[in-house]
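Listed next: structures, encoded as structure tokens.
Presented sequentially are two complexes of subunit A, the first with subunit B as partner and the second with subunit C.
Now for the complex of A and B:
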């Protein structure tokens, strides 16, 4: 009897299974960040704002696709869509960036991360990748809906679909540029404070404060000043790059011959934000 | 193999503040108490062991690995429980510990299994699905301990694990640490500014003060064989001391405690009888080792 009964060992078991390397850890951190960006695995309260923004941009895309299929008019191009949604993206970035970095800082989770085989660069890289993906998806998915709408109502068969795809892909690239810049600025500001409200306010303020500067510069009498005005704000900066790379974009920006200047500033700004972010976490990781 | 070996370990901040000065110590596996007043350099020492900050001078090896050269290999074998709050309020303990398991390199399912195992071992069962924000301080300390255990380390570094706990919580936490050190086969370094606390569970003690090594040795080498009983009554301490002396038990007052040598089998009974005769409210009666504190500087004794 007693020989047959099973004794359940509830004592401590050593772990003998595989231990994955830095790549897998980076992946886990990335997926965690991406889920957090949309409030997945969090309370219902954390889901409200991200999904509200997702809902609005999707609705706009569906309406645009419907208008186009019914009337044949193209109210907004793929690039124009990204420009038109820019304030919503700022709103989204102001929610997501503090969720990704300020929250960790506030809760004091960082010592738990950095006492594991996770480097500051891995942490920053995973957070940046997660936020870029989130913002990019926010624009790219509605753009894809617009594409589907156009593709299914085409008049000339496959050749129109290919033409449309030729428009969509630069649109996706343009969205990626938006995503990179908003991530860089958003995460850098959010990493400075553990208070989410301050971080969100700071992010919105950066974009809000720079817009009037563009307005003032663009009504100066000099045409050079007008063409360079867009450099003053991240939003017009991206529009300017888009206008230079894709002249048919029709964004209403006049960048003249200064297109490369816009591109250089955009690249420099993104790189500077990411490097500062990395430098910040190098210091934080040592504490 | 020695667990931790340091050779002339020195850490200065900005060339002025000396956190650690010429610390040479060799620690064997077991439960090790790292004792020192606040600011003695305990946290700095732990951060150097984890490879989070580089030492200004001297050498350090953990499991014979140099954390300044190969921090990832050290960290994979070490679990760290920080002193301060380190938990996000808006996730469940199960989810949070699973996530940290994955950050330690465990595959998804293994991380989930080990997270619930670790939480079970620290005594969190159904509560683990609730959000951490609603936990008591004791439960939060347990979650912090569980996250240090999740990846099955060979060494735990616990920074003030009893911080903020009530006496019952302290005893439970110390018992848990003792169990980890003895039954789980994991070495533990317990940092504390309370010598009386760690001496109860540790095999060896490392005492530092002002960044200098005060003494490092096995507890057995530091203590006398004779044990003492600590008696605490909420009133009538003098009466009890007199009564005990009359019974042939030389009681010594130590703060709010009476210390009675435990030399005979019926000492317990006689004390209880004396307390009962005087009808005093007995707070506690427990056995403690003999005055490790006296081996340290007077300041340390005052902390006990």
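Now for the complex of A and C:
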């Protein structure tokens, strides 16, 4: 050590550009989540399952629109379309929810996210918004195809198109309800495990195991029990709400005078799932 | 071989996620008890509970979670390397894993099905359901074990099989029933103890032969696949 030690300037610089705040982080996570839901920006393997579901749903809508324009019969209304696609929505939720939240846990990046100016509410909000948009788009785009099919084969010009639009908008609102409930339940289950496989299995199990409960309750010898049976499963719960709000829906559900009960449970369930999600992300493990 | 089985069983039950296996069988027993308590006729509730919930949901979903878990989670973790580098024949590894998967899923699905059958009709029906569920667990486990070796997303593919192939197509397209394990299980239970609750749609010969083909074929394919197994990193 002949010379005195010196500190060399090796060129580290401070970042002096603009710093984007919480809003930008939220926006970036939302866009990323929405792209991840459909496998955009990922390998071809990640696109197979989401686009399989999208393909089937769109195909069904195209067939429905074609049948209607050729024969004039309406095989499925906009609300009935969402009900009929319920199995595929479950499957889609089981694909997307683990993709959005389980991957982050598995990769151990949650502490990195939360070392930014990002709060738990922002993280949960961005993920929920992305998944709601994805599921809503899954239903709304085919519904729009059905609308186009009906609008272009109308007989009485604009007045029929306006009538049709009056049918489409409640259908879109109904799809939003589906998206909210399935997002809440799906993300809540997926946020409990870092393994995508277990998360997907858990989501499907929850939705599948509630369906037979409805079947059993609806054969109990009590008309109240039969009318309340739909409360036991998320799918029939939403059908019940739709039946109450739009009595012409003909979903095959008999809700009697319990329509408000269905609506209250749906809102409570969505709110409870979101609150539990927030509670889940109050502390994250560093793995 | 027993060590591999021991490690697998500990991997399955050592964590909290083993509790995930509980709600499904409990729900099955609970619903059967509820219907029995309300004196609903078994011909009304037997089909939705035993077939709709028991044979169409509990048995395949439990087999799916367990069957893909025994090998799939080790592949995910990368710990499968430790077993593969030991001087063990691949056959022993697969047989040990398959054995654990079958025992676990058979226990979790056959016991509640036995109780449900007992409540619906008689102990004989319950026993028939339990035997058929055990056979079904064997076939499902072999299939899902093979899936976990063939693809990185075995659970999703298994769900496609359960939901789309057996659930949707099985109802409408009669040809797919020949390749549906659920139909073999129904036929087997119906033939052991004839009951009005179950409606078999394929013949007994078909279900026995095809069931055996499923088990042996998937088992052999898994062994063969594990022989030339290459570890891949996290993809997609």
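By definition in this document, the second predicted complex is superposed on the first by the 269 of 287 C-alpha atoms of A that agree within 3 Å, B and C clash if a C-alpha of one lies under 4 Å from a C-alpha of the other, contacts with A are read in each partner's own complex, and residues count from 1 in each chain.
Following the convention adopted for this analysis, a contact is a pair of C-beta atoms (placed from the backbone, for glycine too) under 8 Å apart; a residue touches a chain by one contact, two chains touch by 3 or more.
Bear in mind that the values here come from a model prediction, so they are computed numbers and not experimental data.
**Q** Is A:193 contacted by the first partner subunit B, the second partner subunit C, both or neither?
**A** After superposition on chain A, A:193 lies in contact with subunit C alone.
**Q** Determine, under the contact definition given at the top, whether A:94 touches first (subunit B), second (subunit C), both, or neither.
**A** second
**Q** Considering only the touch criterion stated at the top, classify A:42 as touching first (subunit B), second (subunit C), both, or neither.
**A** both
**Q** Which partner chains sit in contact with A:21 here, subunit B, subunit C, both or neither? Use first/second/both/neither.
**A** In the superposition, A:21 touches subunit B alone.
**Q** Which partner chains sit in contact with A:118 here, subunit B, subunit C, both or neither? Use first/second/both/neither.
**A** Touch partner of A:118: subunit B, not subunit C.
**Q** Check whether A:208 is in contact with subunit B, with subunit C, with both or with neither, and answer first, second, both or neither.
**A** Touch status of A:208: second partner only.
**Q** Can you list the residues of subunit A that meet both subunit B and subunit C?
**A** 42-43, 46
**Q** Touching residues of subunit A toward subunit B in the complex: what are they?
**A** 11-15, 17-22, 24-25, 28-29, 32, 41-43, 46, 103-104, 107-109, 111-118, 285-287
**Q** Could you list, by residue number, the parts of subunit A that touch subunit C in their complex?
**A** Result: residues 39, 42-43, 45-46, 49, 87, 90-91, 94-95, 193, 195-198, 200-202, 204-205, 208-209, 211-213, 215-216, 219-221 of subunit A touch subunit C.
**Q** Provide the residue numbers of subunit C that touch subunit A in the complex, in ascending order.
**A** My answer: residues 17, 20, 23-24, 27, 31, 34-35, 38-40, 44-45, 48-49, 52-53, 57-58, 61, 64-65, 68-69, 72-73, 76, 152-156, 159-160, 163, 167-168, 235-236.
**Q** Considering only the defined contacts, which subunit B positions touch subunit A in the complex?
**A** Residues 47, 50, 52-53, 71-72, 75-76, 78, 80, 82, 84-91, 95, 99-100, 102-107, 110, 114, 117, 121, 131, 147, 151-152, 180, 183-185.
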